[in-house]
Each structure stands twice: as C-alpha cells, then as structure tokens.
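Look at the two complexes coming up: chain A is in both, with chain B in one and chain C in the other.
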Partner chain A sequence: MRSPVTGWLFLAPTILVLTVFGFVPFIYVAFVGFFDWNPFAANPDLVFAGVNNYRRLVFDNQFLRSIGLTLQFTFWVVLSQLIIGYLLAQLFMRDFPLKGLFRTIHTLPLLVAPIAVGAAWRLLCVPGLGPLPYYLNRWFGIDFRLGSFEHQAFITTVVMDIWHWTPLVTLTLLAGLSAMPKEPFESAQVDGANRWQIFWHIMLPLLKPVLITTTFIRLMDALRTVDEVWMLTGGGPGTATRYIGLHIWRVVFPQTDYGYGAAMSLMTLYLTIMLCWFLYVGLVARKPRAS
Partner chain B sequence: MDHPVVHEVSARDGFLPIKTNAFDRGFIGVVFGIFLHLLWMRFLEQAIPLWVCTILTVLLGIYIVKRG
Partner chain C sequence: MNRRGLLSAAALAVLMSTTSFNAFADDAFWAKAAEPYKGITIRGVSESTPSSNYAKDVLAKEFSEKTGINIQFETTSWDQMYDKAIKDMEAGSGIYDFVYIEQDIIYSYLSRDFLVNITQSLKDNPSIASPTFKPEEFTTFANYFKGENGDLYGMPMEAFIKTYLYRTDLFEDAAVKEQFKAKYGWDLAPAKDHKQYREIAEFFTQYGQDNDLELWGTTVQASSGHPASFYEFVESIAPTFGVYNWGLNTETWAATVENGGTMNSDKAKEALNWWIGNLQYAPPESTSSTWDEVAASFSAGRAAQAFVYGENTAWIATDDTKSTVVGKVGVALPPVAPGVMEEIEAGKGYIGYYDGGAFGVPHSSKNKEAALLFLQYIGQDSVQVDWAVNAARVTHQTTYDDPRVQEQDQKTNGYYTLMRDQGKLFAGAPAFPFHGQLREAIAPFFYDAITGSITPDEALDRAAARAEEELTRLGYRKN
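== the complex of A and B ==
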C-alpha cells in the first residue's frame, strides 16, 4: 500500500543529506555575505556590513573580468564538447576494428582527478621539457610559452577541459543515440529525406533531452572550474585565466576576506541559476507561439 | 485505499514565457529582484537611494506572482 508516510520515509535520507550538505552551507554563506569578516585581523568578529559586499562587488573590475573570462571559457568549452562529443558518439555507433579498445582509452581521462589533469598538462607545456612547445614550434613555428602569452594560456585551459570532459558528453550522447527508435529514420529515408533533413528534423529532436541534460551538467561544471586551471596556469599570466573560482579562492584564502568571498560565491551561484534558467526557458519549457 | 503520494501542482499561463506555478513565479521574482538591485547599485545608487529599488522590486515581485 502506498501512503504519504512511506513516500516521506523514502525521501528522508535524501532530504537529510541535502539539508546538511546543501541547504545549511548555503544559508551560512548567504549570512556571512552580509558581514565583514576577517578572522585573522585585529578585529576577528563578524561586523554587519549590509549590502556593502555586494556594492563593492559590482564595482570590482577584477571580479567582473573574472566573470567575463569564465563566461568565455564556459561558452567555448561546452560548445566544443557538445560538437566533438556528438561526432565521437556517432563514430562509436558504427563498427570498426578495435572499437572496444578505442572506446576504453577515450574514456580514461574521466577517471583522472582534475588536479592530476592540471599537473599532467603543466608538464606537457613546460618550455624545453614538454612535448607541446617542442612540436608546436617544430611543426608550425609557434613560440608556445604558457607563462608569457595570455591567449595561449586561455586556449590551453580550454583544450585541457575539452580533453578531460568530452568523454562524459560522448558517453551520455552515445546512450541517447543507442536508445533511439529506428522507425522514424527508416520512414524518413523512404520519404526521400536527405541526411541534413534527417539530422535536423529527427535526430536533434529525439536527442534533445539528452543534449539538454548534458549541457546543464557541463555548464554548471565549467562555471566552477578551479583545480585544473589552478595547477596549469595558477590564473596567469597576469589574470588571463583567473576564472571566477580561482578569483574567489584568492580572495578567501590568501586574503582571508571571508565576507566578500561569500558574496562573490553567492553571485557565482546566482549567475549559474540565471544561465540555467534562460537555457531551460529557451530550450525546454518555452510556450508554443500562438498562431 | 491507495493515497496519491504526488500531488499535482497547478501550473498556469501568464505573461512569462513558460507555464509556472506559484513557487516558480516567486523564485523568478526573487531572481529578477536581485538583478535589479545589482544594476541599481552599479548605475543609479549615486542619484537614487537603494530602498527605491527595493520597493520597485517588491511591486514587480507581486506583479509576477499575480500575473506571471
């Protein structure tokens, strides 16, 4: 027999975990965001600051630049991963020699911790030691110095993230492609539809739920990237790769400015919610236009 | 007798581009309220105090909840 009590009992562990590890820290951060708090200063107490931390935030050029960089990073990373992930998923739908081995190797980056990925890419990029600067110079004549050129550092962080997380996109899209019914494609071929029409009118609408879910997951992950980039560039050269997570880290830990750090964290959460909401409205829940 | 565990939440059409229930509309009101406050602090606060924005936000929130 189903009853509300049984339902709540099943939900209780999840609600408990979400409350302790999600809701309570959120409330705490929201609370601290309205205070000046530097526990290592002469006055270690919380001093009520009202919305001053938020007022400071909207005039903080370094913070706004970090937001801009993070949005650029997120755009390129998510777009590239969706395109490459889709192409790889289509490849894995076909039969070719050593497919299983290739699929396993392709999935391996997912098993590596982000901090180790950052360390490995740093070794790859060390001038005079890493293979990347050597071959880029030898084959294309590119003077690759991660610590000197801002655009090179930015592109390298993007490529590293694509290398790390594209397998996740491939796997989710592969699951979506595998679960697709064959009948609509066969009917379209019988009706004389070309490949582009089949892709646009049948494949994409059928794949839309999986694509949207994957986009949400990657969007939220990309917006809070810290450890990989921290290991690879440390946010440099200058502030070229100081994405929002790194910027918050620099304010909260070395400067121990906890109140302002909490305000910036909340703004990042707000930005994530806004982006996801617009994406949700645009792609999922939009009302059909009245004809 | 079986009791329904999940209750239908009444969604409705308003001026917002999606069907929403009361919680959705409240949430959207808060999200837009924060956005307005941030813009106000950046561009208008030196001329018009922030409490004006708060009043506008409350009115906008009520409008979104009632008509959204």
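== the complex of A and C ==
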C-alpha cells in the first residue's frame, strides 16, 4: 500500500493553485462585502458596514431585475441548447454526405473568443450596415433595431449564446450517444417498443449522466455571461440585457463600488449554488435508489 | 550674382545650417537623455482615437528611433482603457508607464493621487528635461490638467470642440433651398436655435424619403446601453438650453429643483424632450450610436447635420478613403435657446463640450523617467502641426498659424478657426471627483428614456433623486 504522503504530494499543486486563485480571493471578496469601499468617495477608505450591503441588495430594483433577466436568459439558452444539441448529436450519429465537413463547421463557434463573438454579432446587427436588419426587413418587414427594442435585444443575446455554445452540447451528447450499449435498444425493438418508448425509457436514462453534467456546465456558464452581451448590447437597450454578470461588472469597475459589488458577487454565487442544488435534487437525488 | 543675391544666399545658408544644427542638437538631446534607459520598454494605454492613433503610429516610432526606448502602445475602447488604467493604478501593479487621462476623469485621479507631478519631476531631474518642451506654449486648455498648485499632471495631447457639422452640398443646393423656404418660410442655413434645427432635421428626413436616399435629418448619439448618450445630453445638449454642470449645484451637490439643483428643471426637461424627439429624424442606428458611430454615420452621408466630436472633423472632411462627404462639410456653433448665448458671453455658462485628453505617468510606473521623456517628446511644438492636420486637435497656440493647418482649415470650412476663435464658448467637464460614479448611477434613466420605457420628464426626476442619493452615499452631499 502506498503512503498517503504520496497522494498529498500529487494533490499539492492543485491545492496550492485552488488556494491562491480560488480560496484566498473568495475570502477577500467576503471580507470586502462587509465594508463600504469606493476609492472615489469623499472617504476612500474601507468603512465597516456590517451587513448593510446585503440589506441594500434586497431593495435594489436593478439588482433584482438583473437576477430576473439572467434567470430568463439562462432558462431559454440552456433549454434550447439541450434540445438543438441533442438533435444535432442524433444527426451526427447517422451517415450523410459531407458529414465530416459539416461537423467541423458546426464546431467552429467554439473556437471563437466570446468577445469576438459579441463583436461579430454586433456588426451583423447594426442597422444600415449589418445583414440581419436588412434581410429581416426585406423578407419579413421587421424593423430590427437592437438599440430601440428590448425584446429584440433579449432574443438576440439568447440566439447568439445558442449559436456559440450549442456545439459544446452537441459534442458532449455525441460522446454520450456513441458510448451507449446497443443491446438494450435491440432488446426493446425485439419486444415491440415504439420510438417514443425507446427514447423515454432507454435513451434518456442512459444519457442522463451526460445530460445532467452538460446542463450544469451550461447553466453555470449562462448565469455568469458577460463578454458577448457587453460587446453586443452593453446591457441595453435601457437595462433590458443587463444580466447579473454585466451588472456586477458595472458596479465594481466603472462605478468602483467595491464593497457593494463584493456583496453582490457573493449573493450571486449563493444563488447559483442554490439553483444548482435544486436542480440536482430535482433531477438526480429525488428518487431514492433501491438498495 | 549681385549683392542682394549674395546676401540672400548667405542668409539662406545660415538659416539652413541653423535649422539642421537645431535638429541635430534636438536629436542629440533625446539620445543623451535616454542613454540610461536605452533598450527598455515602456507601456501605455489609450483610447483608440485619431489623436492617440497618431501618437502611436507616428510619434512613438519617431521617439523610439531617436532614443532606443521601446514603446508598447495599446489603443483600445473607451471602457477598456479606463478599466485597465484604473485597475493598474488602484492596485499599484505598475503595468503602465503612461495612461490616457480624459479631461473629465483627472479630478478623480488627482483626488486619489494616482499621477506623477510632471512639472516637479522635471525640476527634480534636469537631465531629462528637454529644452524643446515649453509648457507655456500650450493653449489654456492645459489648465485642465494642472493641480491646485499650478503644476502639470497630464501632458495635453488632444483638445477639440464638439461641433455642429452640416452638409454644405445640401444646404447650398438651390433647389433644396427653394423647397425648404417654401415649406418653413425662412432661408436654409445652419440652425441658430433648436426649433430651426428640428425643422431642418424634419425637412431632410422627408427629402431622403421622397428621393429614395439613405438620408436622415440628424444624427443622435443615443446608444441605449453606453454612456455616450448620457454624455451627449449633459455635455452638448443641456448646456444649449442653459443647464450646466450636469444640472448639479456645485456648492451643495443638489440635483433636484427642490434642493437647488437643475437636473430636473423645466429647461432640462425641455432639452431632453427635444433631444429624444430628434430620434424620429435620425438614422436607425442612432440608438446604438456612440461617438464613433455618429461620426461614421455622418461620414457615410446618412445625415444632413450632426453634433460630432471635432477630432473626427479632419478625416470626415478630407479623407476620401474613409468618408463619402469630403469637401461637403460645414462647421458651425451649436444652436442655442434664447438667452443662453448672453449667459455664456457673461461667463455664466458654456455652449458645449471642449473635449480633450492628456497622457499622465502613474505613481506605480516602473519607468517614470523614460515615460516623462516620451511625454515631453509629444509635448514639443515641433510635432504639433502634422498631428493637428491629421487628428484635428490643437494643444499649442502657434499651431493655428502654420500654413499647413491653415490649408486644412480651408478644407474643413473653418473648423480650426472656429476652435481658435470660439473655443472660449466651450468648456471641459466640470471638476467632479465622482464623475464615473455618478454617471453610472444615473445613466440608466437616460437609456430608459431613449427606449421610451419612461418619459424624458420621468427620467430626469428619477435621475435627479438618484444623483442626490448617490452623492450622499459617497459622502459629498450632506443632507
């Protein structure tokens, strides 16, 4: 039997990195959250505020609105990506001409940095220059102006995120589908099960671990989205796309309200953990397993 | 050769030898002063503007050739520039050796003691003080970058006014003028007041539709998610209605009318209603337009008149690789409400925004001396003319007199003359140490007014209340 010291030695670099880049900043943010600290205030020093920053959050309409918007955004992008990603994964399980080329093209958005995605979509959407407003107007008579209409901006950020991240979902689900055993499907067919029964009773349970992992990854990513949206809409029009990540950025950097921003960050982290926990309980831990 | 010819030849020879001797002496100074720093790399960050890009592409390279000091010059978006510079100075990490200081942020930087005192540093270290850098040659705009002690904390590198541009080809077209007069009863000319401006906007929007042109009556810098819209209103529109300093009472920091401010005054509400009303006569991109897009829309010939940051005037009026309205650009003072010009001339207000920026050296810089050398290099009189011609910015008084600037002045229909003669009517941002903080707190109300989710009146009432709340929280306003 190997010495536990060897195990700890192997773990040491990871623990060190996590401590320096994860735990220490977390403690610092938690600490700052209990202070009023704005370097451009009349008093630029840290002033102890107790839980006042957390109390402010409860009455901060913009914070609550940003949380609400983020949840809506997350719901639509994660649901859409799972559905489209699953359909594409199923498509890639079959053979068709130029499949390799199509799969490569489909994966390309993953290679693009979020900030570049936002910039590209911004160019696509500029009235008078971008093709999207032009063709939407020409084909459907839609007056497409991201800076003017809140619902258009919201939908565009959702579509942009779906375009960017669906390939990730497709690839993970494709891996899950490829690893499935054939026997249960063959047995079900022999027993006369229809397509829906096979999907619901065999495919979905077998795919569940991959689905849940993918959902959590995308959920956490969507909850903290900043770059793409910042580039495309800047959080506008008005505050229609000021998702929580963007809102925190504005409070912490341009507004330099470090204490309140720290409290906001911690509260958002707490809400993210709670949301994931509810999902985990709902999807995984709800049914007690037979012993 | 007669005697006069001989004398002329001799004078020319003396002049040429003096000039080349001066140039040689200048080069010798830069090489000698930079000797201890040769081979090092200084880093700077700035907004990607015509002025900064010229400094990066031309002046930084010249400086490196003469000194052997390398320059990594980042030009980026306005938001990113602030984000990077403030983070660096706040953390004291010393990434940047010089940073762009927009005139409106310097009071915040000085209050935080972020910047090196340039005047004092050069006095303390005479070996790096260039004989060709003379602070007294700056225009009075340099005063915005001085501390209370009168010392320079930022090296002025851009200064321009936000002007009213109009399309001379349209405004001077006989048929257009006739149609206009028939409809509105007055001769088409650059607007003197807001009613005239609105009528011109309405006319050209209709003209564009009737003639199947991609032409609208005006631009509006009304990005509904970017502070550019907030700035257009508080710096360029509200003053023309007689609302100054963002509507804040600079003694009590009150914003609401009840407490002595003017942010939600009747004049301010009239101004915001007028400005937002202009959107119906503006190109569809206007609600996504920052200062860059406004210049782009006008240069693409999509608007008959516009309020444009002057740094763009030169390229819009002269560079046919970027602009479709070369030779068709007129400049004028912005329209004002009745009585406002009298207030301004009495020194009680200003007509619009005198924008500008400087480069400063953060205390956290690890190469202060090398950075100070670069700042002096760009502050010399000898580099100003080409810079002014290319980027429509003037920081030195003598620049206006140079023939090349005067030639460019003609091409821009008198932009430089307007800046020289009428610049006194414009003003930089008020000296708020809480500039960015207050802007972030109240700008969303302006965004909501642009989208129409709240009325302009409601936006100003809410912004004024929020401003007082924020200033109280920051400790500036005492209830």
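List of remarks:
Throughout what follows, the second predicted complex is superposed on the first by the 286 of 291 C-alpha atoms of A that agree within 3 Å, B and C clash if a C-alpha of one lies under 4 Å from a C-alpha of the other, contacts with A are read in each partner's own complex, and residues count from 1 in each chain.
Note that in this section contacts are C-beta pairs under 8 Å (C-beta built on N, C-alpha and C of every residue); 3 or more make two chains touch, one makes a residue touch a chain.
Keep in mind that what you see is a predicted model, and the values were worked out from it rather than measured.
In the superposed pair of complexes, A:Y54 makes contact with chain B only, with no contact to chain C. Number of chain A residues touched is higher for C, counting chain B against chain C. Applying the stated contact rule after C-alpha superposition, one finds that A:T256 touches chain C and leaves chain B untouched.
By the touch criterion stated above, A:I15 is placed in contact with neither chain B nor chain C. When the shared chain is aligned, chain C comes close enough to touch A:L146, but chain B does not.
Shared-chain residue A:A175: touches no atom of chain B or chain C. In the superposition on chain A, contact is made by A:Y270 with chain B only, not with chain C.
In the superposition on chain A, A:S3 makes contact with chain B only, while chain C stays out of contact range.
When the shared chain is aligned, chain C comes close enough to touch A:G236, but chain B does not.
Those residues of chain B that touch chain A in the complex are listed here as 2-3, 5, 13, 17-19, 28, 31, 34-35, 37-38, 41-42, 45, 50. Of all residues in chain A, only 1-4, 6-7, 51, 54-55, 58-59, 270, 273-274, 277, 280-281, 285-287 touch chain B in the complex they form. If you check the complex, the residues on chain A that touch chain C are 38-44, 62, 126-129, 133, 143, 145-150, 233-242, 250-251, 253-257.
On the chain C side of its complex with chain A, the touching residues are 79, 82-83, 86-87, 90, 108, 111-112, 214, 222-227, 283-289, 293, 297, 300, 302, 433-434, 436-437, 439-441, 444, 447-448, 450-451, 453, 473-476.
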